[in-house]
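Below, each structure is written out as structure tokens.
Both complexes shown next keep subunit A, but they swap its partner, so subunit B is in the first and subunit C is in the second.
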Partner chain A sequence: MSATDIRGLIQGLFERDVTLVLAVLGTIYLLYVLAGVAFGYGLRGQLNSIANLTFYIGVFGMLALALNLHWGYTGLFNIGIVGFMGIGVYVTALVSKPPVAQGGAAQVGGFGLPLSVGIVSGVVVAGLFGLLVALPALRLRADYLAIVTVAFSEIVRFTMMSRTFQTFTVPDTVDLWLFTFDPAADTVGLGGGGGLILNYPDPLEALLRSLFLWEPYLGLIGFVERNYIPNNPKPVLDGVLYGVLLLIGVGLFYLLLSRTGKSPFGRVLKAIREDEDVANALGKDTDRFKLTAFVLGSALMGLGGILWYSSRGSITPPSFRPNITFFIWIALIIGGAGSNTGSFLGGAIFAGVLYEGPRYFKNLVQTAFELGDAPRNFGEAMAGFASLDPMPFVLYTLDSISQLRLVIMGVVLIWLMHNRPEGLLGHRKETASSVDLARPGSAESTGKPAAADGGEER
Partner chain B sequence: MSETDESAADGSTPVEETATGAEPPSAEDDAAAGGSSPDPDLTDVMGAEADTPAGDDGDRYAPLEVEGLRKEFGGIVAVDEVSFDVEEGTLTGLIGPNGAGKSTTFNLITGMLDPTEGTVRFNGEEITGLQPHEISNRGLARTFQIARELEEMTVLENMMLAPKGQIGESLWRSVMPVTRGSVREQETDQLERVWEVLDFFEIDHLAQEYAGNLSGGQRKLLEMARALLTDPDMLLLDEPFAGVNPSLEKRLIEHIHELRERGYTFLIVEHDMDLIMNNCERVIVMHQGRILKDGTPAEIKESEEVIEAYLGGEV
Partner chain C sequence: MSVSETYVRYRQTLSEEPLAIGVLLVALWMAWSLVNGLLTGGIQVSSLASLVWDGLLRGLIIGLAGIGLSMTYSILNFANFAHGDYLTSGAFAGMATSYLVAGIGENSVGALLLVGAGGSVFGGALGIGVTTAPIAVVFGALIAGVATIALALLIDRFVYRPIRDESGIALLITSIGVAFALRYLLQFVFGAGVRGTTAAGSVPRVSVPAIDGTFRVTAHDISLVVVAGGLMLGVHLLLQRTKLGKAMRAMSDNEDLARITGIPTEQVIRTTWIVGAGLTGVAGYMFILWKGTLGFNDGWLLLLLVFAAVILGGIGSIYGAIGGGIVIGLTASVSVIWIPSEFGRAAAFLVMIVILLFKPEGIFSGRTTA
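Up next is the complex of A and B:
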């Protein structure tokens, strides 16, 4: 078998995955555009809606991919995802926020370092905390690791809120082994319950400036303003561009993680998931593998958190409640643990259908039918049944659909567990190897690759 | 089957030789026949061979030496003062009634459990208390009583997992574009050997199957094939014939004999007395955590104590 044959096979597989991903994304986007048309959105509205959707597809896709490394590959039951996300973005904020002038007591500043340094520090620190959690906890069985991680994520959130960590005064000079430096910051901290204002330069602007694309971008905005969107199109275009960048980020996550999975390293991770004792008896230092996988996944979760929150105006501790963790788990379960493509698809479907979908559905119904005002409380909603009029209840349900999202997610999960517990792509054989494992020299005749990928369900 | 197997076993074994190793009359012949001269062709097929130094004292070289092994679980003494050694290129059976401490002894040797007292030496090196992966990497492979294949991995993945020294087990080497080429190269080489071993065990037709879909006997074959791919000097098989149908059992035995002739050393825990008696050169009988009897099958058969332990009384 020649190298081109192998490449052809891999490309064939890749193309099929690409088709699947594009089909799913295309469907979701089409539905959103159609909904936009129904709402009578103009170009600005449509772009806004698309940008918003893309943002959530991007972040959920990334985080589901990172979780897939923990759970899908290694079988590490991490339900502290949001903790690592929070650490990532808080560290980025701390490092990159401009310092505050002496005397501005109410404000919390940062070290004023470039945003790129902040992001790298955020990722590294999230990884280090992953190490900290993993070192004692990896000896535990799966469910105990789950307890440790969820407790960890709550500790992180309470630390963010804590008054103790609200502000620190930074000494004027810091001695580090050989050299001394004078940090610009005077007061730093986690900001307590009030959170942190992210008053560093806009990440998008910083990125474009560093690529010398800022001026062309402003030119593009001017062009759009003159021709398509009359006043101030910048926020809309920013959103779209950020969404596109996030999708590129997802691509990089995918590349990294699929390479990780399709290698001897990924094979050992899978073996640990299946039976750690066996992997150990076969001469694999399973602790080392688990540690590496956990740290890498945690660092990626930190990056996911940074990309999710760093372009907002501020961050507050309530954003980092465990519900985010569970959303990401649902995304992974929908997509199919163990499959990287499935993880991304799960993230996209979760974002498009379960996370953002209900709100659109509600608006759609309200646009389609001229409905009156919803009852203000549950009592009024039920009162209609006295006169056999279900409308108040229906209206009330529709009005509370954001709160009902969790119920819908629960129903979807139960349905999945009954009918397709392996998720969309969890049944696939994504062989953990960097090469095709068909018998050397017989690839053409046996057609094994087809069987290797063929959806043999169990 | 028993007759031929027995004769084969007898042909290559000094019947009188026992664990004490005090009087080894024909040991050198055997070392030459069984231990250090594996068939070159077969060696080629199976990859690198167990090339352990031969004993210099005229005694056959014993890669595995267990001395005074003791394991307590709370107040229960599961293994008590167990000492034996296993000689190179032999098939040694470890038998005993349920609860005799056979599997515990296995786990103590392979590092799954830490002994309370005693030492285990392998190829002259003390391995007591080492992690299982460290012991495996020193050339002592094991299989499990209940076949523990990695269910949601294909047979090929199971097999590819086993070889030692895979450079792609480093995350960065696997991910980085420059080094990934060498990972692929090594995997390609490794793949050839994997297919050879699959052919040897005649499970090549199952290669793309999930290991969880195999039958009980096929799992045993897979497990042994996988253990072999770690390139061990010695294999510890924990009840390799449990739940295996007679024809597959015969095949397994043939494989074991074939491998032994190539110089591999075997220690087998087994319940089935007949199997052990007909195939092993030496049998160690355990009872209530202690070694009851250690000798050739013929000696074991005659032993009053063994019969008593197995049948619970005089016969």
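Up next is the complex of A and C:
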């Protein structure tokens, strides 16, 4: 890519997307910082809140982008996202957890391989399961595919919870024809309902060590400790750094997916989305394309799952309920299916407003007004109305904001489907041709790209 | 078709479908291990009978709930993901009524209406049960149906009707929004706790002798069979003897054509919701009465099994939904003979996936709304 190309690219970006993304992100961050000021947070509190927000923007943005490859580009209605995420992180845990001695603690161990191997195997296995689901399921209608994928994600969760897969004993030596393996692991397994403790080295530390940045980072922590945050700033800085890394990850996802979308491969995917029969008639092996897209998307979802959960201390099966899948769907629909920028924006807005927002709102209200204890149940909340006192109800509402958040999400989804099913940036017209089709001097054709994205000329 | 032709056809299928061979082999292995287990005494006949009975009852609930889903699926042409939460809504409405009828005068009305949220009233203490409080149960079942009808019509008016002409996928996504809103509103009102709703100890039961033991049948089992059977028969008569069934079939085939022919499509849709939601509400109530516990997630957890049943039976087919429900219920229960009990539901999903792959139009293939 030559320098002029790059400059043109940057200019093009500025005209369209970067400004919008920065404006939205800036607004969300500003609101959170202001909320932090209202709470009376110090630097530590602010950084914590920012890191938390960035984390969710990162993971939802990432997963919405991956889903966009399935639904936005190819029209594959996958509602089994959380299954692929779970597979990714469970495989990573299995591969990278240190082995435990036999007869030791009840906790199951892993194979003790480096974390990088674990992450790669997690992504690969998620992709393989994508293949397993897609091979038979892709010939199904969209709504059948939806039901099959959500059933798949539930089967994955049942497997995580089952006692059958809780622990296995690995033999001391494995003979494979010419090779003899001596696995370090003794007992491995999925841990059943209790989940797995992720006692491998901290992913952040592992990454920094491999880049020889660990010592400088410790130096930075020491500097911050001396000058800004007195005691133990490491967790806070870890969080911020992890958030920044996630955003870089989102950037990489974006690059990968927008390049994919603009490649001949991506054009075939869009053709399949618009009309599979036509794409087929034009000599494209649509099944193959769909399969590849599904596997790639599933692998990316696996990676998203790994990045979401692997830095937690432990993972348990209830984290992988279908709700997460629907969160990502809502994020994608807010942003607009078919647009990568839209997917990320949707992820950011979902994370900042719908996912984390209500909790901040509750805290804000509680900080602003000195409120008493909330009633324990709806009955007590309604009892206030008998004496024309709405306060118990208000308190109960605030107290149950974590459930009402999901009601709000549902209502937002209904509203979007009624009023703006294409989302913020969906169905934007984009040129199908890779060269500029506008004729110089012809006023009519400039600025009117061909309708390749399903947008009809109106 | 001659024998040789059939043979050739099957040979073709087998060579073209490696998966089919796998399914066949698994089926053969299952049959062999069952017979073997029964002969050697590894599996008791009585425990098998008990699993079959349990599966049959579950199947009736799934089938009853499936009729409504199947009807809206074929007429409105979308998979309603909120259907499970209609089920839960019906169960809560019905149980609140039962609590009120059984416990009025001794407990506060609010606690009764909230189905004892936060442990304020217990169904066991109220003696909820078909023999101990028959009036409460009858009222509960009726109100469950009526409330679910009202809810479904309300939601249809404000959510589905404005986007009636959109694609099935748009409606499906919208129904996910409805499911979220409904489920967590229920949690907001009734609380997150799972409560016991029936006086489980005082439900009369008989031990039915099987060859090498007995299995248990309770009064709630019997009432479930009676209610489910009666409603299914009623729907059958309704759709066979009235013009409604014909109109529904016409609509599920081609809505525009139906409208041109003078079928009042909106009215048919409304009737569909009424019949479907009524059955769903009663199914939800009977489900809760039968299993004795109630939580805000119950319907959602059942939904995928209901989908499995509807797909198995063929979308739009009432008998298919019932038959599919019974197959799915039996699969979920009886499969524990061969696989660990955690995977009963997974086995039911697998049956659904296999059917979708080999016979996506369902085992009672073809659209036969009635």
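Just so we're on the same page, the second predicted complex is superposed on the first by the 411 of 458 C-alpha atoms of A that agree within 3 Å, B and C clash if a C-alpha of one lies under 4 Å from a C-alpha of the other, contacts with A are read in each partner's own complex, and residues count from 1 in each chain.
By our rule, contacts are C-beta pairs under 8 Å (C-beta built on N, C-alpha and C of every residue); 3 or more make two chains touch, one makes a residue touch a chain.
The structure presented is a predicted model; accordingly, all values stated were derived computationally and were not measured.
Chemist: Looking at A:D275 after the superposition, I want to know if it touches subunit B, subunit C, both of them or none. Which is it: first, second, both, neither?
Modeler: first
Chemist: In the superposed arrangement, does A:K284 touch subunit B (first), subunit C (second), both or neither?
Modeler: After superposition on chain A, A:K284 lies in contact with subunit B alone.
Chemist: Return first, second, both or neither, reflecting whether A:I221 touches subunit B, subunit C, both chains, or no partner chain.
Modeler: neither
Chemist: Looking at A:V394 after the superposition, I want to know if it touches subunit B, subunit C, both of them or none. Which is it: first, second, both, neither?
Modeler: Neither partner.
Chemist: Touching A:L256 in the superposition: subunit B (first), subunit C (second), both, neither?
Modeler: The answer is first: A:L256 touches subunit B but not subunit C.
Chemist: Once chain A of both complexes is superposed, is A:T292 in touch with subunit B (first), subunit C (second), both, or neither?
Modeler: After superposing on A, A:T292 lies in contact with subunit B but is clear of subunit C.
Chemist: With both complexes superposed on chain A, which partner does A:P136 reach: first (subunit B), second (subunit C), both or neither?
Modeler: second
Chemist: Let me test your reading of the model: by the given contact rule, A:G266 touches which partner, first (subunit B), second (subunit C), both or neither?
Modeler: first
Chemist: Identify the overlap between the subunit B-contacting and the subunit C-contacting residues of subunit A.
Modeler: Common interface on subunit A, subunit B vs subunit C: nothing in common.
Chemist: Spell out the part of subunit A that touches subunit B in their complex, as residue ranges.
Modeler: 256, 259-260, 263-268, 270-271, 273-275, 277-286, 289, 292, 296, 338, 429, 431-435, 437, 439-440, 448, 451-452, 456, 458
Chemist: Write out the stretch or stretches of subunit A touching subunit C in their complex.
Modeler: 77, 136-137, 140-144, 146-148, 150-152, 154-155, 158-159, 161-164, 326, 329, 333, 376-379, 382-383, 400, 403-407, 409-414, 417-418, 421
Chemist: Residues of subunit B touching subunit A in their complex?
Modeler: Against subunit A, subunit B makes touches at 110, 112, 131-133, 136-137, 141-142, 144, 148-154, 156-157, 160-162, 164, 166-171, 174-175, 180, 183-184, 187-188, 191-192, 194-195, 204, 207-208, 210, 212-213, 226-227, 230.
Chemist: If we count contacts the way the header does, which residues on subunit C are in touch with subunit A in the complex?
Modeler: Within the complex, subunit C contacts subunit A at residues 19, 78-79, 108, 110-111, 113-114, 117-118, 120, 159, 162-163, 166, 168-170, 172-174, 176-185, 187-192, 304, 307-308, 311, 340, 342-343, 345-346, 349-350, 352-353, 356-357, 360.
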